[in-house]
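Which chain is which? They are A, B, C, D, E and F, in the order written, and residues in each are numbered from 1.
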Amino acid sequence: MKVAVSRKEHFNAAHRLYNPDWTDEKNDLVFGKCNNPNFHGHNYELIVTLIGEPDSNTGYVFDMKVLSDLIKEHILKQFDHKNLNLDVVYFKSMNPTAENIAIVIWRILRQQIDDKFDLKIKLYETERNFVEYPVH
Amino acid sequence: MKVAVSRKEHFNAAHRLYNPDWTDEKNDLVFGKCNNPNFHGHNYELIVTLIGEPDSNTGYVFDMKVLSDLIKEHILKQFDHKNLNLDVVYFKSMNPTAENIAIVIWRILRQQIDDKFDLKIKLYETERNFVEYPVH
Amino acid sequence: MKVAVSRKEHFNAAHRLYNPDWTDEKNDLVFGKCNNPNFHGHNYELIVTLIGEPDSNTGYVFDMKVLSDLIKEHILKQFDHKNLNLDVVYFKSMNPTAENIAIVIWRILRQQIDDKFDLKIKLYETERNFVEYPVH
Amino acid sequence: MKVAVSRKEHFNAAHRLYNPDWTDEKNDLVFGKCNNPNFHGHNYELIVTLIGEPDSNTGYVFDMKVLSDLIKEHILKQFDHKNLNLDVVYFKSMNPTAENIAIVIWRILRQQIDDKFDLKIKLYETERNFVEYPVH
Amino acid sequence: MKVAVSRKEHFNAAHRLYNPDWTDEKNDLVFGKCNNPNFHGHNYELIVTLIGEPDSNTGYVFDMKVLSDLIKEHILKQFDHKNLNLDVVYFKSMNPTAENIAIVIWRILRQQIDDKFDLKIKLYETERNFVEYPVH
Amino acid sequence: MKVAVSRKEHFNAAHRLYNPDWTDEKNDLVFGKCNNPNFHGHNYELIVTLIGEPDSNTGYVFDMKVLSDLIKEHILKQFDHKNLNLDVVYFKSMNPTAENIAIVIWRILRQQIDDKFDLKIKLYETERNFVEYPVH
């Protein structure tokens, strides 16, 4: 009797997409205006989903207040009002695409959430572009 | 060639989260402000999804007007503008968490929908907290 | 060179609409299902707007973080996860309609905000019903 | 390490639901006001999802700009500001229900997207009615 | 102590923008793809606002249930699932632009609402295009 | 018979809030995490409103396609995927608060729009913080 429970949080960050192994021309060709060397930014909407069985004493799969606090402590503190390329250690050597940001968030939270829960990440970079990880 | 079709409806209800077997202190510790004895409330957004093959004569998996009427008759009549703890029989002995509400709605509608259709429930308690049942 | 700046917050509350001077029949006739004696509830979305001139040193009309804190301290603490009729002193003798809630919120915040700023309240009771106060 | 990436686009179209093999009475009975012979219309919101592994050089599963251009070229040019029954060849002999529109969009885009990517379509006919194809 | 109260409703309709006194070329030049002779369509979101003083017995400026019923009876019955050009008498000789639709809706509802209330119309043709009438 | 017509566009940008005449301590005190020297960013939603009389030949106050093109040419080209502090000339000596961005956008567009139309700007920095200019 598994139920998925989800919590939405958000963070605002600057980023730039480029590959340091490529020429400026190739970076411009591939990443276009996302390769602005002075950065641009987004309001990221983050949805964290846990899947498990409701506890018979509480009726909760997981306390949403606790999940919100975990996201704030382990994700927002590092990501919110930051430059993803310059301020966030995971993206020193990895392009901060929405795909990679979602994978990084999953890896961080996976260490905080008991393995009995499945964990999924959905990340909106804009209202029109979003990613989900993992997918089966 | 299965297609999922979904209908969104909403209801407004009061509820309180607590476990009658626990002390007030433990209820406050676990449920926090959701344990206000005078209740609080939500605008619940309910999405009901049916999965099946489109009928070759209509192009419909299921008539959304019929689904909307089923939800109104079997769910909204019992839940809308109600106190879930006091007015809705299913929660006399079950905590009306979003998880449990979704499970109860699924059980009610499952009896109204032909077994050839898969049935899924998504329930938003707030814009930031939502649940899905069942999950595979 | 006046600019309006707005901050959106939300609170979840239970309420019941009725007039204690009326018979049950009249209350049912006028307030319908909103008159459920066991209460129902809403996710209220609250938008607080201040109008003034941007400060030349900051570029702010008003610091949105400070406004958010004022709303949390003076409104959400009293209204969020409460029963408006039973828990909130202003509605002991006043029907907690969206109109009256907006007026009460305006009166509370007006005492916290310097008179050089105009103050406006917009309150969504549901996505489809909302009120604004004051109106000129 | 598969990630789903999604792009939302929209189109505005007129349509009418009816089965030419049926009498007017049966069409009215089944399709109700959707069978208005003079057509009605919708703002369709279309979400196209691709599932694959992020490229190690770009961090992209698929360039969202390229996906947006593919949707514009192969779907919106044929569907946007059109009468689905009269202007879109696929619906000359198929009822333009949301289910069928989603299946048609999937078939068109499937030919444009490398088979190494899974492809999914989500189509909102209104904010309250939407379909997804395929479903497993 | 005036308060504005608003109710949102929606309708789905087909329309075509053109001026019968102009050549096809001029209509195409001015109205572009909105001049498709076979029509296109929209999900119109309609917000009706009344401004007045809350009644001291009810706390209502105007009962939102009554306003919703008025909109359904006098607007939606004529506009929903219709072709605005062919089915709605007001647009036989007037272009059904969002501007004109809002003015027509205002005129119809003005006759149904006591003059002691100010009346305003906001109409979304798409999420990105909307109009308001009247404006002072 | 004036009608307000509005067009929503968006842009993604990085920015930093600080006053170069102040110490780092004072900047941190006033602007908090918005003063991150490496910048952060937002998805700005921009609503441009024109007020005027509908043209009797078209039924338009202003062609929304033309307004969209004006915004793209004169605002988005300069603001979208940019660093407001470093890339946009207006903010070399002015703090890019939402208030100031809205005023700058108004000044740019005022030169492009005939004076017979009133012009208003609404700018969402996040879903919860937004500004409007001018206000009467």
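The rule is short, and it goes like this: contacts are C-beta pairs under 8 Å (C-beta built on N, C-alpha and C of every residue); 3 or more make two chains touch, one makes a residue touch a chain.
Quick caveat: nothing in here was measured; it's all calculated off a predicted structure.
Path length between subunit D and subunit E in the chain contact graph, taken as the least number of steps between touching chains: 1.
Taking each chain's centre as the mean of its CA atoms, E is the chain most distant from subunit A. Residues touching across the subunit A-subunit D interface largely differ between the two copies, under half of the numbers being common to both. The most distant chain from subunit C is D, comparing centres defined as mean Cα coordinates.
A repeat of the C-E interface exists among D-E, E-F or A-F; more than half of the contact pairs are identical by residue number at E-F. A separation of 34 Å divides the Cα centre of subunit B from that of subunit E. Annotation: 28 Å between the Cα-based centres of subunit C and subunit F.
Annotation for subunit F: residues touching 2 or more other chains are 127.
Contact annotation for chain pairs lists A-B, A-D, A-F, B-C, B-D, C-E, C-F, D-E, E-F, with touch applied as defined. Of all residues in subunit E, those touching subunit D in their complex are 10, 12-15, 33-34, 36, 38-43, 80-83, 86-87, 126-127. Here subunit F touches subunit E in the complex through residues 1-9, 51, 54, 57-61, 63-65, going by the rule given at the top.
Chain contact summary for the complex, subunit B toward subunit A: residues 17, 19, 21-22, 30-32, 94-100, 102-103, 127-136.
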